[in-house]
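Next up: the structures, one after another.
After this come two complexes, each holding chain A, first together with chain B and then together with chain C.
== the complex of A and B ==
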């Protein structure tokens, strides 16, 4: 990228050099201004707010670290963290292996109807969390709901199983819904990664007499490792931000015995229902810190910083 | 020898493939059934709704008629369309312009901007909700469309997406344009944007879906029910008309329809955009 060589006229060339020089500043300016005002400033402000007790946006009193001290002893917050962690656990250890399994099946050369199957598995994600929540709040109803009808016919589960009113069934209901919605979504990432693995490596493994499982460990896993780590970390971060599904499915609340209370739901309720924006900010920062630590541990354990990843 | 091994394994391979097909078909059925059920529920009158698991022998418009008379559904739909498309357009313009600058120019402060953007991507969105609400409140934008559109105009994800794709535009192409007397803005409009068209499609779809389904921020900002977007309106219906399941399902069906249609039209671009960051980066 040299200086423009266009020199027909001194005036135009001067203007030309000037606009060339300042163009990048002009191009990033709208974004940088908005980003500073609505991205960076609120982050700093939320740190400040987390040290205050507030009642709505007008009534703000400095209170030091008391928000955080209160949070650590707050049974509702413990409940929220426990629920969210349980949901995240199932997302990682149930959802992701299923996504990978489906992706491996779908990437087999002999498979017919691949396009259709891929679309079928992905399609639940198109509905969006709120609409899925509304849909499943009806699918889960006792007696008439689709799930109970199917489970009753297939496995003899009682028709009046109250998925969303029984505290011990709320989490399974959430996990099932999320499974339905996200398995195909994560599968898309794994499929893209599998397609990028060198075909010759599979041929070489076959010549060496490796069985399916050995091939999977020696060729597939190393080949998709960067994408697998990406999906693992993104899926964990997403799980910890769980809000819309339980909120819509449980009738705009935490559900029976607060079995569906999540960290973000608690943040929303503290900040925008109770009106304590300071406490909400403290919850937000605790969440951010927790998510950051967990992501770092995941990246360390999976060796994201070593080798090709 | 190779052939002999193949012969021995043949029945096993066929059995394995058979199991794989069964697993995939059952899985696909599980994925599609709730949507089929949703579609079926919208076509049944109140008496048939739970009497038949899927479609009833009689078709009924009842749910849709009820939907349009009980809530201003069209108004919510227009709100959603207006807000989502405005945010997408603003995001598209700012993100591609800044992405162009970050991909093809060296300038002071570039590193700082990049590092700041990466840092904010690490921080969950909910962290800034309380102070952002305070800011919007002070600007007098609570319960306005602008209160959704202005904070929504910033898309760090979009900038990275565009920077990545514009990096692949050859510099020679840009220099050739400069020799022909194109200003930098003309380069952006006449060369960079046309070349990045697949990414534009992908970004618009991903961003539109995100905004269409956006719930928490609109729920915080919008108070007056006339201004509600579809997710807020639908979610409120669950509480208010909890027994009118058919109406609720009709609303859900019409709410997801635009996104599904848009996706089917732009499917290829969507998958490319979704996986661009993960596979290349």
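== the complex of A and C ==
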């Protein structure tokens, strides 16, 4: 004779209720624990470190806001901010319009082989940034590099043009490389957005007699606006985090006259080369606040909040 | 599903997570079995060190030395992180000269390397090795590393082209002689007498050391704006820019790989600043000019002056985490002080060791076909005692970078204005760079 049926049923219900109550916590626990250990704690620790002069994490002397004061007067930091802002400017005003233009072109039904072209333009992003950096550092070499050979043949540009050794040419070289890598990537976002625009709106615009440009402004742009804002904000944030590309292209350093020094590269150098973790933390916090402010301004100017409301 | 309220998929994930966790718990990371762990960054040292480790193990039964090759850039940062976290710190490590100073930040008792000063003096190594080579590994009078090398600098040149042009290198005694010939041989855009950088401080640094200048004095004070540096700048810049230039760069730093290969093969560059280690690099990167290359001492600044400088270097250090520091010291000596082993290492790397008595080994007197039959070991060893000392500081990386910035500024200025007011500009530019280094030094409260 076994247990009574109603008793077994009660036990199962209790077990079920117990699981129902605690299982969600069990599932989120790994993330919460890892995020607390490797996300929250380092953030708090870096804030504490930014108020100290350090020699690694062991020798720590409280110095208040001296790291931030030094940073405001530090010409290297100013240079890094200037370079990063310049790169971000070109990312937004050159890269994104090109991505959008390419997306519009590759969404035209009359274009033959557009699937192949989409893949071709996207494919540079499949390569790692470090690989691209090494590849372009070879393409840019003077005298024997592919770019100089082509430019020399086409436009008579001197063969010994030093793209990566001339301070005024370093940023164009970085922007050019980033264009090659990211235009196709951002194009994918715009392609997806373009496909989601209601076809009937285009038909209506045609019936109303709108020309191509008017259709673009009145139908396409509003239709892709949420995605465009997302790409704009993410590109800006990504630009301010620039590190691997200049680091690999410029021989593991900031390049001539620090023309390729970015804020993250300066943070890395201060923390892991000079060993001044306090100063590196101050740079990190300043960068984070700067990016936050710029992103908020962008979202305000583009009306992102209105759209979401 | 009655028994699990979130469905089969969630149950599977939970099961996979628990299984994976249990497996990891059942297979903990094995404790290291090696008696000594040794990090090394130079690929061409690796094979020689493996061989030395094997012979050391034979001499010390039961001892196992684990030689680990860590990429050049990574070794510094990994070591820094290891010191900071007290995790996975090797017992011994080879450190590159320009990074060594960064480990000497903070109070002496917190430097991650063992102070070797007493051992070095007690065992007579201070006199047995080239003393100038201890300078880069010394902080506040204490020595934290044993120097592997000296890296005297010579000029590597295309002997065949020089002979075709009727140049007798034995008559090149001073830089004035060299520049005079260089102006005859240089054809702008097609051929340059020497590889000199216009965007990076490395070749300027070699010239600065030859003149007795440097980044820091023996007390750790920044000296990149002293009169020697100013005069070196005024001499150097017209060599790489302007109508009388004789030099050009090969990339962002010293030429290597494809660029070096093509430039030497084509005769685009005729001479290279060449520390001993670079001869091996040239042999490997440009095999087709074998027998067409030769070496000559650096021209002197003034007649009778030093005919060499220095570029690069490596030390071996014992970390304070090492549990058997005496054994580690024995291994360091086996590696750096065994004359036969050093001779073997010279054959593999072309690097002249800091230990003077090793230079008598036959390997150093072997003629090298690549270098037109020259006995390059003897040539470099003859210059080794003249190698200048280079003092360091925890902000050495910043100092190098600032000197590079001053160089680029001066080159831009010279391009636009030539000689007019150049010396004043160079002086101000170097002073500005030095002040920034001094500001960094003042930030260090230790």
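The working rule: the second predicted complex is superposed on the first by the 298 of 309 C-alpha atoms of A that agree within 3 Å, B and C clash if a C-alpha of one lies under 4 Å from a C-alpha of the other, contacts with A are read in each partner's own complex, and residues count from 1 in each chain.
Please note the rule applied: a residue touches a chain if its C-beta (ideal position, glycine included) is under 8 Å from a C-beta of that chain, and two chains touch if they have at least 3 such contacts.
Because the structure is predicted, anything quoted here is derived from the model rather than measured.
Enquirer: Between chain B and chain C, positioned on chain A by superposition, is the outcome a clash or a fit?
Expert: After superposition on chain A, chain B vs chain C: clash.
Enquirer: Is A:166 in contact with chain B, with chain C, with both, or with neither (first, second, both, neither)?
Expert: In the superposition, A:166 touches chain C alone.
Enquirer: Which partner does A:93 contact after superposing on A: first (chain B), second (chain C), both, neither?
Expert: The answer is neither, since A:93 touches no partner chain.
Enquirer: Just to be sure I read the superposition right, which of the two partners does A:251 touch: chain B = first, chain C = second, or both, or neither?
Expert: both
Enquirer: Looking at A:62 after the superposition, I want to know if it touches chain B, chain C, both of them or none. Which is it: first, second, both, neither?
Expert: neither
Enquirer: In the superposed arrangement, does A:110 touch chain B (first), chain C (second), both or neither?
Expert: First partner only.
Enquirer: Please determine whether it is chain B or chain C that touches the greater number of chain A residues.
Expert: Comparing touch counts on chain A for chain B and chain C gives B.
Enquirer: Output check: A:23 vs chain B and chain C. Expected answer is one of first, second, both, neither. What do you get?
Expert: In the superposition, A:23 contacts both chain B and chain C.
Enquirer: Is A:241 touching anything from chain B or chain C once the two structures are fitted on A? First, second, both or neither.
Expert: A:241 sits against chain B, while chain C stays out of touch.
Enquirer: Let me test your reading of the model: by the given contact rule, A:287 touches which partner, first (chain B), second (chain C), both or neither?
Expert: A:287 sits against chain B, while chain C stays out of touch.
Enquirer: Same chain A residues contacting chain B and chain C, which ones?
Expert: 16, 19-20, 23, 27, 30, 57, 137-138, 141, 143-144, 251-252, 272
Enquirer: In the complex of these two chains, what residues of chain A are touching chain B?
Expert: 1-2, 4-6, 16, 19-20, 23-25, 27-28, 30-32, 34-35, 37-43, 45-46, 49, 57, 102, 105-106, 108, 110-111, 116-117, 119-121, 123-124, 126-131, 133-139, 141, 143-144, 146, 149, 180, 183-184, 188-189, 192-193, 196, 226-227, 230-231, 237, 240-241, 243-244, 247-248, 251-252, 264, 267-268, 271-272, 277-278, 280-281, 284-285, 287-288, 291-292
Enquirer: Report the residues of chain C in contact with chain A in the complex, numbered from low to high.
Expert: 2-6, 10, 13-14, 17, 73, 76-77, 80-81, 83-85, 102, 105-107, 110, 189, 197-200, 248-249, 251-253, 258-259, 262-263, 268, 394-395, 397-398, 401, 404-405, 408-409, 412, 436, 439-440, 443-446
Enquirer: Which of the residues in chain B end up touching chain A in this complex?
Expert: 17, 20, 23-24, 27-28, 30-35, 37-38, 41, 49-50, 53, 94-95, 97-98, 100-102, 104-105, 107, 110, 113, 116-117, 120, 122-135, 137-138, 150-151, 153-154, 156, 159, 171, 174-175, 178-179, 181, 183-185, 188, 209, 212-213, 215-216, 219-220, 231, 234-235, 237-239, 242, 245, 248-249, 251-252, 255-256, 259-260, 263, 267, 271, 274-275, 278-279
Enquirer: In their shared complex, at which residues does chain A touch chain C?
Expert: It comes out as residues 12, 15-16, 19-20, 23, 26-27, 30, 53, 55-59, 61, 63, 70, 75-76, 137-138, 141-144, 158-160, 162, 164-167, 250-258, 269, 272-276, 279.
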